[in-house]
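Before I ask anything, let me first share the structure, which is written out below as structure tokens.
Residue numbering begins at 1 within each chain, and the chains themselves are lettered A, B, C, D and E in the order written.
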Amino acid sequence: MELVVFVLASLMALVGAVGVVVRRNPVHAAMSLVLTLFGIAVIFVQQGAHFLAAVQVIVYAGAIVVLFLFVIMLLGVDQAEDLSIEPLTVQRPLAAVIGVAMVGLLTGAILTSDNAVMKSGAGLSSPTLDSPDANLKEIAGSIFGDHVFAFEVTSILLLVAVVGTVILARRLPKEEEAK
Amino acid sequence: MSLLAVVEPTTSWFLVLSAVLFAIGTVGVLVRRNPLVMFMCIELMLNAVNLSLVTFGRARADVNGQSTVFFVLVVAAAEVVVGLGIIVSIMRRRTAASADDLSVLKG
Amino acid sequence: MSIVAASFTGPNIAFTDLLPLLVWLGSTCLLLLVGSLVPKWPKGWYAGVAVTSSVAVVILEMVKWHNLGKEGSTTAVADAISVDRFAVFATIVVAVAVALVSTVTHDYLQREGNDGPELYAMFLTAAMGAQIMVSANDLVVLFLGLETLSLSLYVLAASNRRREQSQEAGIKYFVLGGFASAFFLYGIALIYGATGHTNLTSIATKLSSQISITRNDSLLLVGIGLLLVGLAFKVSAVPFHSWAPDVYEGAPSPVSAFMASAGKVAAFCALLRVLTTALERRVDDWRPVVWALALLTVFVGSIMAVVQTNVKRMLAFSSITHAGFILVGVEAAAHPGGDGLASSMTYLLLYTVLVIGSFTVIFIVAGSGDGATSLDDFKGLAKRRPLLALAFTVLLLAQAGVPFTGGFIAKFGVIKSAVEVHSYAIAIAAMVAAVIGAFLYLRIMVSMWLDDPSSGETITVPRGSGAVVAAAVLFTLFVGIFPGWLLDATRLVATYRELTSSN
Amino acid sequence: MHETASFPILSALILLPVLGSLVVAALSNRRPEYVKLAASLFSVGIGGMSIWLLASFHSHEGGFQFVSQHEWIKAWGISWHVGVDGISLFLVVLTGILFPLVILGVDPHHDEKRYLAWLLLLEAGVMGSFLSLDLFLFFIFFEIVLVPMYFLIGGWGYDKRVYAATKFFLYTMFGSAFMLVGIIATAMIARHDIGYFTFDLVTIAERASFAASTGRWLFLSFAIAFAVKVPLFPLHTWLPDAHTQAPTGGSVILAGVLLKLGTYGFLRFGLYLFPAAAVWAKPLFLTLATIGIIYGAIAATMQTDLKRLVAYSSVAHLGFIVLGTFAITSQALSGSVMQMVNHGVSTGALFLMVGMIYERRHTREIAELKGIQAVAPIFAAAFMVVMLSSIGVPGLNGFVGEFLVLIGSFETARWWTVVAATGVILAALYLLWAYQRVFHGEPDEANSSFPELKLREGALLLVFIAIIGFTGLYPKPVLSRIEPSVDKLIEHVQDHSGYKAPVHELAKEGE
Amino acid sequence: MLDLVWLIPALPLAGFLLIFLFGRRLGEPLAGVLATLMTATAFVVTVGAWLDLLSRTAEERHHVVTLFSWLPVGGLHVDLAFLADPLSITMALFVTGIGSLIHLYAIGYMHGDPKFSKFFLYLNLFVFSMLMLVLGENLLVTFLGWEGVGACSYFLISFWHTRDSAATAGKKAFVTNRVGDWGMMTAMFMAFASVGTLSYTGINEAAHAGHLAHVTATGIALMLFVGACGKSAQLPLYIWLPDAMEGPTPVSALIHAATMVTSGVFLLTRMAPVLHAAYPWAGTVIASVGAATALFAATIAVAQTDIKKVLAYSTVSQLGFMFLAIGSGAYVAAIFHMVTHAFFKALLFLGSGSVIHGMHHEQDMRRMGALRKVMPITGFTFIIGWLAIAGVPPFAGFWSKDEILLYAFANNRALYAVGIVTALLTAYYMTRQVIMVFYGEARWHDHAEDHGAHGDAHTPHESPWMMTLPLVVLAGLSVVGGALQLPFSHSTKFLEHWLAPVVEESERSITGTWAESNKWVLLALAVVIAGVGIAASVAVYAKGKTKPVEPQILADGWRYDSTIAALVGGPGRAAFRGIAAFDAKVVDGAVNGVGVEVRNASGLLRKLQNGLIRSYAAIIGVAVVLVLAWFLVRGVL
């Protein structure tokens, strides 16, 4: 059963990922991204990370990708990008080599490593009937416990994001607009 | 059916999957010319990392992996906002700018 | 573990240790809130806030430096950040950078005619990110700090809406930065997987608890590799340097100064801390990589600078070379014996002052529109603005490592630390590269002193910027002649590890 | 031995020029005469101090005198340690005398203020290099000298000045790159014997002992820097360009004192610091020196530019100095030191006069000069005297050094010396040939209006010629100050290596 | 009196300085007079010294006067000191004596020259240097004088420096001499290395005591001889002397006949003990070179047409005789011949000078003839000089030459044969010269014609008394000079006794040899030879029996000079050029090449910096792969 879920989910993710890379139209690319996100969300669930699965769907699919689509529409850059031609001749073969090499190296690392983590099996308490929010509590404990400082820092990060967009997207004075 | 019953996806399966996703993301950054799409590919890479984190967390029976993913999500969000901001501001000047057009600075 | 909401008790948060952050955060909010409420502040107040806050931070950190002498290093907020002289010193450097750059930024905004609080706010957030990076004791925190810094820098780089180059710089920096931080993050993930920790001290203990490191742990190693990539990108080490020239050239001059100074400091401190505390046990694995990076960086940086014709870009390449020199120090820091750490810190401080001074000169010469930075624009500067030319000459000579300047002390320090750990090869290589690098400074000096002015228009030297340049020059010369105090300080900085082990 | 002077005259010798250059730089450009005055006063004052130093120097005493030592950079074991002995004494005096002469005698054509400021700064650097007894201190002075020289060549030189200046700067910097590493390594390795980390020359030389191979590597790292500075074949090609393109004053200083930094370095930081290694490297450097002598002379013969010819003659002359240095006998070493001074004087004077010729004719091409002796006999006479001293005619200073070097070297480096001695033939060849082409013959109309020596120029040259004549006829006072230090150095070498200097009782021939 | 020996060089030096300071104001003739007086006074002092020396016993005839310590370094102690002993005083005597005569002569000869005073400036400087050379107590002081005379000869040869030939000749002389100097320096190095001193006394004593190994002694001797070859114009270095005739004639007389060129002979005599200690073959070498030079030069002299060139080659030839003597161990004979030669050769040169003066600077003998009528004194004295050099008894040359031949015979018959032939040739070409200049019909009228208008202004005339007086004096000396050393009995060998303290031990004794017992036969033979030579010449040039044999090859001096010039100018210069080019192209080329390479590398790397985000990303990607590969390898292996 696990296997089936994994295979299907990873298929979703991979197909989506490939889609992002190969779909000519940005909008389609964004849609493929959504597919991947869902696939990963499924795997999260399979791994007992229900909260993250939810956040994944909400934040990513719900917010980020939508944001992408907004921008695409706003700028009207939804016309297809011509992927048939590649000005940098070396780029694609090189990219292929790099991609394959990385897969190889990372897989190699994962498979050759005799680190304890590779052997240890299932672990975290997944939600049960008596405590449906176990996973949530654990995350909460971690975030507000060990990682409380990191949590604080995220506030600064968001502040940066806000101010940054203000600086970047603010309309320029009139005479500038003329240009 | 028996196969399905027997074979359990182990940690390494997930890890390899995330590695593959990561690599695809990398390739995407290299081959796509539309900044937006390049950016999506970066998101893809981040997700691949998330997958690894969760997997490790599970394998280690340690929740910190998941909480880290949470932070990554925040970072991703922030990045998107700023990134799109920059892209917007530059595309305001000249629409449909592909990444290759941005090469005034070189040499 | 199962937690019942009532029974949860968070870690106690030692706000005193977070004071610098709080000061900067406070003044950021002040700038933004009041700045948005009150339509227009009197001239120079925005900058004033930034400068004062930074000065305050410097003072606070000095006090902390003093106390640490008594108490010794600790970690705070659930081991998320470490409180030690290493962090304090780095913070001071960053704060100084902010103060100086804000001063210049004021003149910049005046000249470009659009004053406002946002840029200062960005500088402050960037400073916070840097501060977090240098004190982070947890990879996640480090990552967040890095992102805070980076995002701020992306925005700052792109902030000049009138110059297309500025925007281009922004997006280049952003895309490549995101790309690199993905690797960095993956590294964190793998290390987490291999050790089960993101906390540096825990990782260190975990690793040292291992009986033998010959045990095959490719997960960890690959993780280290990816981590290195992420940080190498930030310090613009070859071959992860490609972004630096373009971004430095495109970004507004004060921002370039800030990136080259505070940005490098933060990244290098993070690199040093991670390598020397968490991964000390794996030194034999990462040292060769740092060695190679250092070698590549010193040479590629200096060689590529040879044919450049834009002074701003030249300095970008020279900053790459300098990164290479600091990497030499980092390589030396791999040895328990050497004082590579101390020399790297010395170099960082001196280089910060140098590079800010230099970019300020460029900013002054660049004139309205921040565009006139080609070598021709510097022709005959000695005839148009003798003092400015003299100051720039001192700064350039210092960068070339001529004696009686801070630059020489810095170079001598890293070379010394390298030689002391018997890394003769890289020491000599670095010196030879320095000779190649010197050519670039000579070229600039030639056009300043020996050529005739190409354009007659007068160069106006804003008061603030002038003061910054003067300060940089004087400091450089002062340290060049009396470096003792600085060396003692950085020597103390280097001892932070022994102190940590006590707690 | 170390008696500390009541008044730190040596530190003053180093710091006064700095002060002077600051004052000059501070003065307003609108009153050039004040600028000139200030510069002259400072340089003359420094010259006077150097003379005073010479007067109050205890001859027949080998050790360092007027020593003053203050801690400077504690963290790195660096101290401000200066002292003078017979080897450095006359170089200091030469520096002290040459600079005022150049400042008073040669005018730059523009930006006099800047020119003078750089010149004084240069003097400080040179003084520092000759006086410092601390590796670090020596290095920084050795290195800082490049900057003013670079600007002097680049700012006031001739058509290809930028190329020459850059070449000079980078080439020399390249050499010292190795020395920097060598210095640190020396201090670090010496720490094992000394017990603490120090850059102090005397301490290291007296107390540290290096393993054979280590010593050799360290010595070579120093030697490269000095070989470039000297310059020794085949690292000499920066010199003709720098000399030719530099302004007259620059050339005089460059030939007079700057090149001596290299030869002095060989003595002080080669023989003294690494005796065993120096002895080991003897054959190499003797050979290079000999090649330099012959090669430089031949190259000089074929030059068409008078200044370039003199430059190449420097290569030959400095070959003699290096030959003597590595022959390591009392006569040879004394001769080398002597020759350092002599070359400074005579070649300096030659450059001055080439400069005067250029002032008058705006060319240095030998082919365009002819029959000057007919129209300017006094100028020709002066040139002749200096030239004869440069050729090494007895009774003039050039001979003393050259002869001592050769006669001393003959005992320890027989065949090299025999070959090197042929250099005196070539010297006569290229100089006399040049003299004939420039001064003899019927002056063509371009040269027939060649102005005779002016009073100021004459006075300037008179100083040089006086020194030439005096040291040539009565070198005893000079030698008696040089020799004790030289003997001390040789003893030091003997104590720290297998080398034995020849001693003189009637030699029973062993061949 | 001997303590005042330093006065001897000091006086001419004073003269030099005075003329240097006030020369222009003194002008003509005062400058000349001053110079002459200085030299003359020096001569007087020398005579005083000589008398003082005479008054002592042979053992005490050795006095050193030290002025100050010149080069004291370690084992080396060189004083500026003078040595007064028979040899040096003899030299000093004729240097100052002949010197003052020639000064006097020059006053007349240089009359009207714009650089009159400068000429005497140099002349005094020369006398000073020459006296330093002969009076020096050690090799270095001698070397000081040695180089000094070299320099002066350079100045004086190129005295009329606007003439390119003169300038070139001067340079040639100096450089060629330098080759010799190299030898002398090397000799000094050897002496110092083996004996530890440069003083004659020290070295000679060491040589006597046998402290000097044969090898070293031979080395020193030969190196000194190399030096002598340079100064005294022996093969292969003689080439500069004929050219040196470019200088004013008094210079030729003083420097290139009487004094400087003989300093090589002096030096070897000075170091006689060292030669003595050397292997015998060293002497043979010297003697052979001497003999060869003598013959070689004589053959050339036969065909010269320039009145001074003839004398120049004859000088070379006579110097060869002296070296033949030295090599044969006949030091006394060498000095003897040196002195007599100084007399008659100076006489001849001055005579020729007088002729040239009278002929208004015409030097070609083919345009002279029958001059003895118009310039009787010159002619008469010249003829005496001729008889002396031709070896006609009882004139001075006869005795000295015979003495040499005697020793040569005892030493090596082959060399004797060469000597005899040379003697024959000498007689021949000198007779030829006399006839061409003073006899036959006057060929100078037509010459006057082609000078056109003021023809009679050009008729030769006798020279003023300042010029003729020296001629007369020297003529007298040439007549009686032989009396210094007469072979009749042991007691008549004054010079031998006089020089005994210096050369006695080293002198080769020929007592008991065939030659010694039959010296009268040899004497007779010499006379015959001289007679034959003269007769032959008369037959050819006076009687016109056969047309003269003057093959071009001889006129060109066996093309030796031109060949060397060709070699130096051709391959030599080419080689130098090559090295200069090598320096510019290869040595410096390498340096600049590095710069160029760096630049190229920069340009190459620049291509990677193409400004495209994706390329940068690609670079990063590649780098990442490499880094990961490294770490994976570390992990797996």
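FYI, a contact is a pair of C-beta atoms (placed from the backbone, for glycine too) under 8 Å apart; a residue touches a chain by one contact, two chains touch by 3 or more.
Please read all numbers here as calculations on a predicted model, not as lab measurements.
Contacts with chain B and chain D are shared by C, E.
When each chain is reduced to the average of its Cα atoms, A sits farthest from chain E.
Chain D has the Cα centre that lies closest to the mean of all protein Cα atoms in view.
No other pair of chains shares as many C-beta contacts as A-B.
Mean C-alpha positions place chain C and chain E at a centre distance of 79 Å. If you average the Cα atoms of chain D and of chain E, the two centres end up 37 Å apart.
Rounded to a whole number, the gap between the C-alpha centres of chain A and chain B is 5 angstrom.
Chain B and chain E have Cα centroids separated by 98 Å. Residues of chain D in contact with at least two other chains: none.
Chain B has residues 15, 22, 25-26, 29-31, 33, 38-39, 55-56, 59-60, 62, 64, 68, 71, 75, 78, 82, 85-87, 89, 99-100, 102-107 in contact with two or more other chains.
Multi-chain contact residues of chain E (touching two or more other chains): 606, 609, 611-615, 617-618, 621-622, 624, 628, 632, 635-636.
Applying the touch criterion to all chain pairs gives A-B, A-C, A-E, B-C, B-E, C-D, C-E, D-E. Those residues of chain B whose C-beta lies close enough to touch chain E in the complex are 26, 29-31, 33, 38, 99-100, 102-107.
The touching residues of chain D, when paired with chain E in their complex, are 167, 171, 233-234, 236-238, 295, 298-299, 301-303, 329-331, 334-335, 371, 373-374, 388, 393-395, 399-400, 403-404, 406-408, 410-411, 414, 417-418, 421-422, 424-425, 428-429, 432-433, 436, 439-442, 473-476, 479-480, 483, 487, 502-509, 511. For chain C in complex with chain E, the touching residues are 171-172, 175-176, 179-180, 183, 216-218, 220-222, 224-226, 228-229, 233, 239-240, 242-243, 245-246, 285, 288-289, 300, 303-307, 436.
Those residues of chain A whose C-beta lies close enough to touch chain E in the complex are 88, 90-91, 94-95, 98, 101-102, 105-106, 108-109, 112-113.
If you check the complex, the residues on chain C that touch chain D are 397, 402-404, 408, 412, 415-416, 419-420, 424, 427-428, 431-432, 434-435, 438-439, 442, 446, 449-450, 483-484, 487-488, 491.
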